[in-house]
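See the structures that follow.
Presented sequentially are two complexes of chain A, the first with chain B as partner and the second with chain C.
After this line comes the complex of A and B, so read on.
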């Protein structure tokens, strides 16, 4: 039986799960941030130099890092190799630390942590074009115009985010300004019916967040005084006039003010050099490291992308020889770091694209789009490691066991994060929506 | 400029896509390197037989005398095979990564194979420095390692000069290095950025590079083939591009390149020079335009003939007296298999001038 839950349009203060861990006193937070601002010119670790703040940030419940492999990676060159067959491509398969389980030879590091990963080899979805595929695999379902289903990051930020945190709860790190269909998608409505406040803060590469650094000519004290005055006047106006516009303006200002206080989090150069080298030099790897830092410091959902480099209709193997090892290292470092920090249990890491790639090679030495049988991987945050779910036939044409679609996948993700997958959105006069439609069930096998 | 007509005289289908072909001295037999094995092909009848398989795609083939062949593959191995005995003579791991390309010196004493994996080194995906020597020079007879030479990976094309004294190798970034095969010294080095794409859209990384190279018969010039830069490196729509470089001078200089208005779009994967230097042939994939194989006058660089083969061309070999040319490549792999078997998608053709 499904449970009818709260409507979507309730007040922001009602939207968190209710845990006191999600509520942080703004003054305390800003005091901490300001104190840290002085101390953190060399390292943003100073941002949470006030122990109480650091503790709150770290205890704040489940989080998620989505390594968004836009363009769609090949399952043959990652999680479901078919070496020696007509469709297998040029790369071999290697043993992993799970007896009997092999993955692509391009992933030697992940082979050593397969006991921490859950791999789904039986994804079968509908859309075969990028835009529609991205839509379904980031929102969980097909569009029902004119209603826009919120993207996964917006849902998680709304459900699990710390509303009073100055650190953005949903961050998109993507340095590539254009990605064809992904560009169109990025220009669209991310948060859907949740409202723009749950959309992502975008950063990465040239997408540094503008105007979040305090001007040199304004001292820290002067800045604080100005903020106090602004706050007093705008609150008075908001109260006197009962103005929603003023409230909205204040919310926006607070968001920017919060961003100013955590500007160092967005500066790649302030990440420890040793860590930067360990993750690898490429933009995707660097931003994956940045994602870890953001999660450590209070973000709830970070999506890491790099345009849509996986769409290898041309040069499939020439591109995958570079992209897969980078993913291999990033996933290994991320999972290992989160485990070392005691955060893996509460941080879900997902590595997936919008579909897979064809078993056959096209004339341009590429693989084309293939939603009928593809793979992805997850770790941590409520997911059981050491499980390979589902299977494809020997040439990788069809799913033959444990079929999973986008709804099952999203039910699994929500369940793992402690979010009710089947919540009903009861909007007067509008069709009924569910967080996951059709009562689709999660993959129990990979849930803790 | 007199136009040349190319007329197809033979056409053979092979079970697997063709990446490399070498033809016997009498032009009656070919050994064919495919995605899924090494084949021997009778060029008169079209009869073919699979001889053996590497552990991955077969990237290069060469005749060693009249009865032996040498092949290299994406498994990083070089294999010697005796056709008369139908048996493998030797199998040798030469690289940790692929052998992208392999060639024998004209005097048949030395073998050069090039390798290298593209691993992201910097924020813009500049290639990392090599983890293993990118160029290996072996004794063609015994497989003994003669030289390990450095380059920046991935090194995708290799050629040996007609006098068998120099080896040239070109990479993803358009860098060419030429080494003296007698003492292993670097004698020329330059970079042409015209073959390399950095993705302005879709993906910020490098793609393309030099895919084929050949010395002119006089040894003075080096011909390079590939594709011009693209905004979207995954589009495959760069200009069909060759360049001719004089490499003997202290500062190597480009002498000529694909003339304006004579090229369409697509990656060029093979370039072959006729021994009398009257013309050379470049071929590859047709992405946009009118041809995917064309003859160019060696002296003027003008296009004198062109073809649309209908498949991606990976190899061109002048036969015998140079009055015929063998072209080979692959079509799309069939989308359906019958009981695990795909239809033929490799192609070998012979054209006469």
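After this line comes the complex of A and C, so read on.
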């Protein structure tokens, strides 16, 4: 019913300063309108100078793709196999191109690019339930109501993104509207105290962005003309009233044409058939490809999810036998593509869930939630490849080396992307918050 | 009855109020009665208007005191045409028609007098009851998917709300009625839906009751005592849950009802250290309501003698010891927060933010901007029969409500109420207003209304922030396009404009219809140049109408 925003960390806006300059511009424009006169050809909107939006899109800078493995995959069937032990399950471990490092036999392709990946085998976090786990592992810290810490994508979009870009800076691709606790989480406040403009544009699957295409009944000229008139009237109101609400309304309209111009970016069918086959037919794979495409075209942070498929309390081995090979291929294709395009060193790829799975099986041959010792992988953008950080004991019950918690993880991600992890938020009237609390340190070993 | 620990017990004359409510129900001419409800028979010499004027003057005095203390110069009074648009939006949920606007502007030079008359007139309209039912539906039930709105209508919740507002039911009685969910007559069944829609989810019920009735949020206290607000304890969260956890939805012969068990609902809750405590029947300042708890390993046995017959023929039987009833009678009845919460919420609806902000976090962490005024208004509200309409009338008659909305130089704090705070129209206001503009009347287009509800769900957001999905909707949705295209009857906007002889006339009418004002020379020039370039065809006129419909001036109440 109600969202909570705090007005902070906004870039200063000159939109409603109420200065005389706006009036002056309007006068000049009106003179232009008069001079152009009735008889001139061309559209009404031609009287306005429209900045070339497309040119703003590409700027060098770090980007990030988060493959959000919601529900939480098993470390035993991915990055930290324990073959032949009582906890290890039925799958073998295989050699990788890193001497001495083995991963699950369900991941043969990633085994060939281990020199490009950094794997953390020593994650140890607190929450053992999905909602709380998702909250902590996407925002970086425990909740402290009533304050809402922004989610990783919002922080990165705000720090590294370009608000004036027509391409949305933070995109959530999630073709599955369901997903139990994740569904509930998705309905919450993602941008937190950064403010709604840093929230994600949601797309994916049947969720194409609503109303992104111009109606056939409205010609291109009509669309441009009426928008020019709207902008004149609405900006005049904003200036005359010194209205912050109107400024926000007009700022949103300023993004319309840009977003409409990038409608094709959200159309999966426009991607080359060859690429689509290479990634695989599943929704998760297709949207990982789309994430690459968005990053190439100016998005800063793309989060790819697919409901909550990894929560395998029942028949975990059978389920993982389907899910892990898809992940293996997607990660392989994504890292290889980014490298081929010269984008890997600026694009951080993260594949993780909200915790790990139990060493033991339950009665339904499932693995339950296990935050005490789990794994994840990263590649590219400021991360050193070919490193395996931390270790668990031979049965995978405990972290025995290089323990990493959510704060260390977030410090590492921020550091890798060139964002100061320990900067204080400027939140007037609120308690002091830092991007990463308690001065938690990044994992130096896996940073370039 | 248990006493309040911290807050003074209010003085109330229950007998008088109940009789009043009964009279209202029996009356055939409800709308006539409505104007007088809440007047207290003990002081017959005073007229309604005089009594409301006391409240308005108090508001004026207290806010003026605040301006002096804060050393701010408030904005000037708003013009008549601004006032008309504002009042129509706030009281009847739509912009005025061109006739209503000109009728007011030409209705004599006594601006103050005609403003008061318009207030009285609008408060008696069916449109007012419907608009305020929209507001209270959103506040009490929240936004929801479309099928929920159908259910709310089907199961009489909507009619119940509208009726309560129509007869100006005292707020305390309304609250008690929806919490007890034990209707005394068939026509009041709709009130059951407040609990019923929560579908036996007792935590959800508790989390809805706390803001709706007491003006506070308790979600934080589920797992621990509120970290920042001392008075909100974990025991209150689970106490509030316990008051409702013996209820069970039942689809009876006459529709949804909530039966209640005489046993069960005992549990322990654990704090962060793992220590557990029993879920006693306690909430906020009220001590625990006494109740026998079964001993360890003792099982309670349900028995017929623990129940009495229900209030309605087909209604469920009622436990002799009813937790819900205890809650209503020992916690809610006369609790000072009930009046404060409503006063603050109505203030927020009309003034753009609460005296306590956010309006539903009236706890020790959120100080009121005008504490004395809030105390006074709450006390006055209780003493005058929890009369919501009287409060509304007093606020919109105040100087502060009638200030210009342009923020004066040097005034940074909206909590001074030194200018009228702009706010987005609600979905329903937008749907109605755009129909009024294009079609001249409100056709109650359900599809349009639902489409706006999807795009503009906020009511009283903490900040006015627009998002790009709204702009995409306004730019490219078929619904908006169809609305513009449907303006084609001779008396409707687009054909009317087409028939006019000069662009000058057209622009003047467009501004009156869309913005309730005359264009200034720049605007006249600009829109006229658009029309002369495109020709005053229906298509071009629709483009102009679109550009106004989607501009900030239309979208905000200011």
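By definition in this document, the second predicted complex is superposed on the first by the 385 of 448 C-alpha atoms of A that agree within 3 Å, B and C clash if a C-alpha of one lies under 4 Å from a C-alpha of the other, contacts with A are read in each partner's own complex, and residues count from 1 in each chain.
The working rule: a contact is a pair of C-beta atoms (placed from the backbone, for glycine too) under 8 Å apart; a residue touches a chain by one contact, two chains touch by 3 or more.
The model shown is predicted, which means the values in this text are computed figures rather than measured ones.
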| item | value |
| --- | --- |
| Contacts of A:197 with chain B and chain C, given as first, second, both or neither | second |
| Which superposed partner A:286 touches (first chain B, second chain C, both, neither) | first |
| Contacts of A:144 with chain B and chain C, given as first, second, both or neither | second |
| Which superposed partner A:322 touches (first chain B, second chain C, both, neither) | first |
| Intersection of the chain A residues that touch chain B with those that touch chain C | none |
| Residue ranges of chain B touching chain A (in the complex, touch as defined) | 16-17, 35-36, 55-57, 74-75, 97-98, 117-126, 128, 154, 199-205, 207, 232-236, 267, 285, 287, 311-312, 330-335, 337, 340-342 |
| Complex contacts: residues of chain A adjacent to chain B | 71, 84-87, 90-92, 175-180, 183, 205, 280-283, 285-286, 306-309, 311-315, 318-319, 321-322, 325-326, 358, 360-366, 394-395, 397 |
| Touching residues (chain side chain A, partner chain C) in the complex | 1-5, 7, 26, 30, 33-34, 38, 44, 144-146, 195-197, 199, 201, 209-215, 217-218, 222-223, 225-227, 229-230, 232-234, 236-238, 240-246, 248-253, 255-256, 259-260 |
| Complex contact set, residues of chain C against chain A | 138, 142-143, 217, 219-220, 227-228, 358, 361, 405-407, 422-424, 457-473, 475-478, 481, 522-523, 525-527, 529-530, 532-534, 539, 543-544, 546-548, 550-553, 555-556, 558 |
